[in-house]
């Protein structure tokens, strides 16, 4: 029988496209022939805005790139500018930064896990993940007064020392964290329906992953051992003992399990950092008016979505001449078409979920 | 065995059914705000302000507009101070850069309105109204 | 009003629905609408069975035809080319005469056979549950034809699956 | 003591009342059927209001939330408010829909559950219409719901809706087979299709103990027939938004919900009839209370499952039905037959 393909517009207003992503699907029945992501519905021109702002004013915008891992974004930008200026960050600040970035990674992966299973239909798993993430947000709220756009990590350190009782609260969270992981494992990982939904779906080979310059969990699920924290340790990451979880098959399931493993490793890093954290100042001597010397620099960090890079060109003025962000979510999202082909309409949503795009970062 | 995961899942949700709930009845139970909470509107203490304009200068979005006048002694004085909450990023840069520490967050975060204009706040008027109310009855106003 | 009069009125009402919806099914230009009217027609036939106290047959009618019509509609949807279903069921007016002729001939054959044959339970409304008699007939007296029918259906099903698979391979 | 039952007494006094006014016993019977119909429809509406609140509460509690709590004590009037809101909403018809098909779909969908209620054995002598093919009638009537979903899906003139409608056909037509086969095991044990007889025969032992496999198959197939998680592919709100419901609003949309909860109640009631002993229970409570109690337990199970599991994919759904449920249910029928034969051979 001769069949006709048809186009289906998924988004930009669709409950499971992670924001305002639009995917133009070409379908044959329910089989996907082509899935074309259309981005730009959340484009705010952050890179261009940054050219007209002074360095301290640029920093809040970094929080708004990948708003689920704000601390990591801010950490990357601060380290870029510090590298160009040659600023030495105090020890305690370095530890606080690592703690914040890793907690933020856990929170981001909780959203990833929750939204992935929520899109597969297990809404309770979604709510559990969100509920547990709330504990981390409470910690951030204590430290900097905001729950989402923190603006806590600054050039030269962090803006304020941790408040009284914060370390204890964080330890308490880490104690409960194992229980949370246990719940996720029992409710979601062990669930045969979820396994059937994700295993063997959208297999990404290591070669293709590298060729498409995927990074983060997407790359590691395909078995490529690349983590910026290990490959080019920035900050003080070489002082911690942690593993890089790797996948074997590169399917949706591996992409989920790698993220779950990363959550545990992040908790491990936070534990070590809390133990090793010294007393002392949290802010280096940084001039009020930040004017990096003329030059250019590229610095990248391992964000929850992948390899987040900042390319900064300075002309010696108090405003960046050019700031370009290599957004891992944007790069990973281009795999969507390739991964979706030949799978069913119902697979598109989990595949999109395992690529974990945050539209704030994709569109920038 | 196939189906074991399904049954453990059912066990977890059933256990959750009888547990204490995580949510609060919001308008009756107010959330506990932390000491460093950044939210609500900017509260200005006009008499402390030296009208240096650093807050406005440091704001990434230009959400603070202030007008200064010179008084008889040639001293700069604040005449207007407008804060646009709609444009505010809550980055805290204005407060950190204030040499007199005369602005702070009022932490009253529930000020949704029906019009954009409700988000533009005349901070001097608010401060004066608050002072007047304190003089009247000493009671805290809740605008 | 006597019971017979009520049954008579009901019979003619239901029959009218059956016939009118059947006519609609063959004349409507929209394939989906035609299929839906076919469903109405079939389900109302069940009403006639109910009037005849053949509840089991009525339920079977609803189950088979009520359940199968959606499949018919589904095929209609799949075979309908865009844009729209407005003209998806073309009616060729030239063949009207042929259709009428064939229908008339078929009607005559059925009427003749009905008039000629003698029914065992003429004018008798059985109070016994119809399903038990049916079971006795099917699994007793007519067991062999019943099983043959089952085999035939199985073969048809396998054939359908093979045909569908073959289409996929191309 | 069935005469102590308050519902039976109401029925008896109504019958007396009608006998005084109406000529002949046939007319009284017809009048009593009307009373039963009205009672059924009233039950459907009140029940749907209760069940929607219950679902939201159950969902909330399992997700460590409070659920609706603003309106009335424990949010008891939330659904009432929702119904009022939906009733007063504009009756909005999107451009380009197939007018009649689209408008009739919610009505057609509402028919099968209402008709199914006629054979539910609420208590001893409390079956609205005690058909001798009761269970088969339930199967036959509930198959009509497929047409309604397809009508809604096609009539909406929306690709998401058409996909949902096509899924509805594939899913509901397929799952009817294991549903019938699982019921067949019980029918073989009782030798009757009449719901009241099936319940009567369970006075000693509930059939869930004799037919545990059939019970599980029934639960799965019933969840699929009512489009509930983990089989809610017809709605599948994360892929096809709401499938056939996408283009509906206001009261038409609410009709879908009413029908969904009415059929949820129906399949739960059939489950308690077939497997859980219907109205049987310790006699300190009237039979219909036991029946309703068991039904609500079944409803809770359906809700519990819904708020725990993710959704299956469409190919897995069909594979589950054709590759697992149908062979297992056929084997169940065979084993039941052998069991009955052996039991008789032993002189039971």
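The letters A, B, C and D name the chains in turn, as written, and every chain counts its residues from 1.
The definition used in the following text is that contacts are C-beta pairs under 8 Å (C-beta built on N, C-alpha and C of every residue); 3 or more make two chains touch, one makes a residue touch a chain.
Please read these numbers as outputs of a predicted model, since none were measured by experiment.
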item	value
Pair exhibiting more inter-chain C-beta contacts, C-D or B-D	C-D
Chain closest to the assembly centre - both centres taken as Cα means	D
Chain A and chain C: spacing of chain centres that average the CA atoms, whole Å	60
Intercentroid distance (Cα basis), chain D paired with chain C, Å	27
Length of the line joining the C-alpha centres of chain B and chain D, rounded to whole Å	52
Length of the line joining the C-alpha centres of chain B and chain C, rounded to whole Å	72
Junction residues of chain B - those touching two or more other chains	6, 9, 12-13, 16, 22
Overlap residues in chain C, where contacts from two or more other chains coincide	none
Sites on chain D at which at least two other chains make contact	62-65, 307-309
Contact footprint of chain A on chain D as seen in their complex	59, 62-65, 159-160, 163, 229-230, 232-233, 236-241, 307-316
Residues of chain D that touch chain B when the two form their complex	58, 60-66, 69, 304-305, 307-309
Interfacial residue positions of chain D with respect to chain C in the complex	26, 98, 100-101, 131-133, 136-137, 139-141, 143-144, 146-147, 149-151, 154, 162, 165-166, 168-169, 172-173, 176, 193
Footprint of chain D on chain B - complex, ascending	6, 9-10, 12-14, 16-23, 25
Residues of chain C defined as touching chain D within the complex	3, 30, 32-33, 36, 39, 43, 55-56, 59-60, 62-63, 66-67, 69-71, 73-74, 77, 85, 129, 131
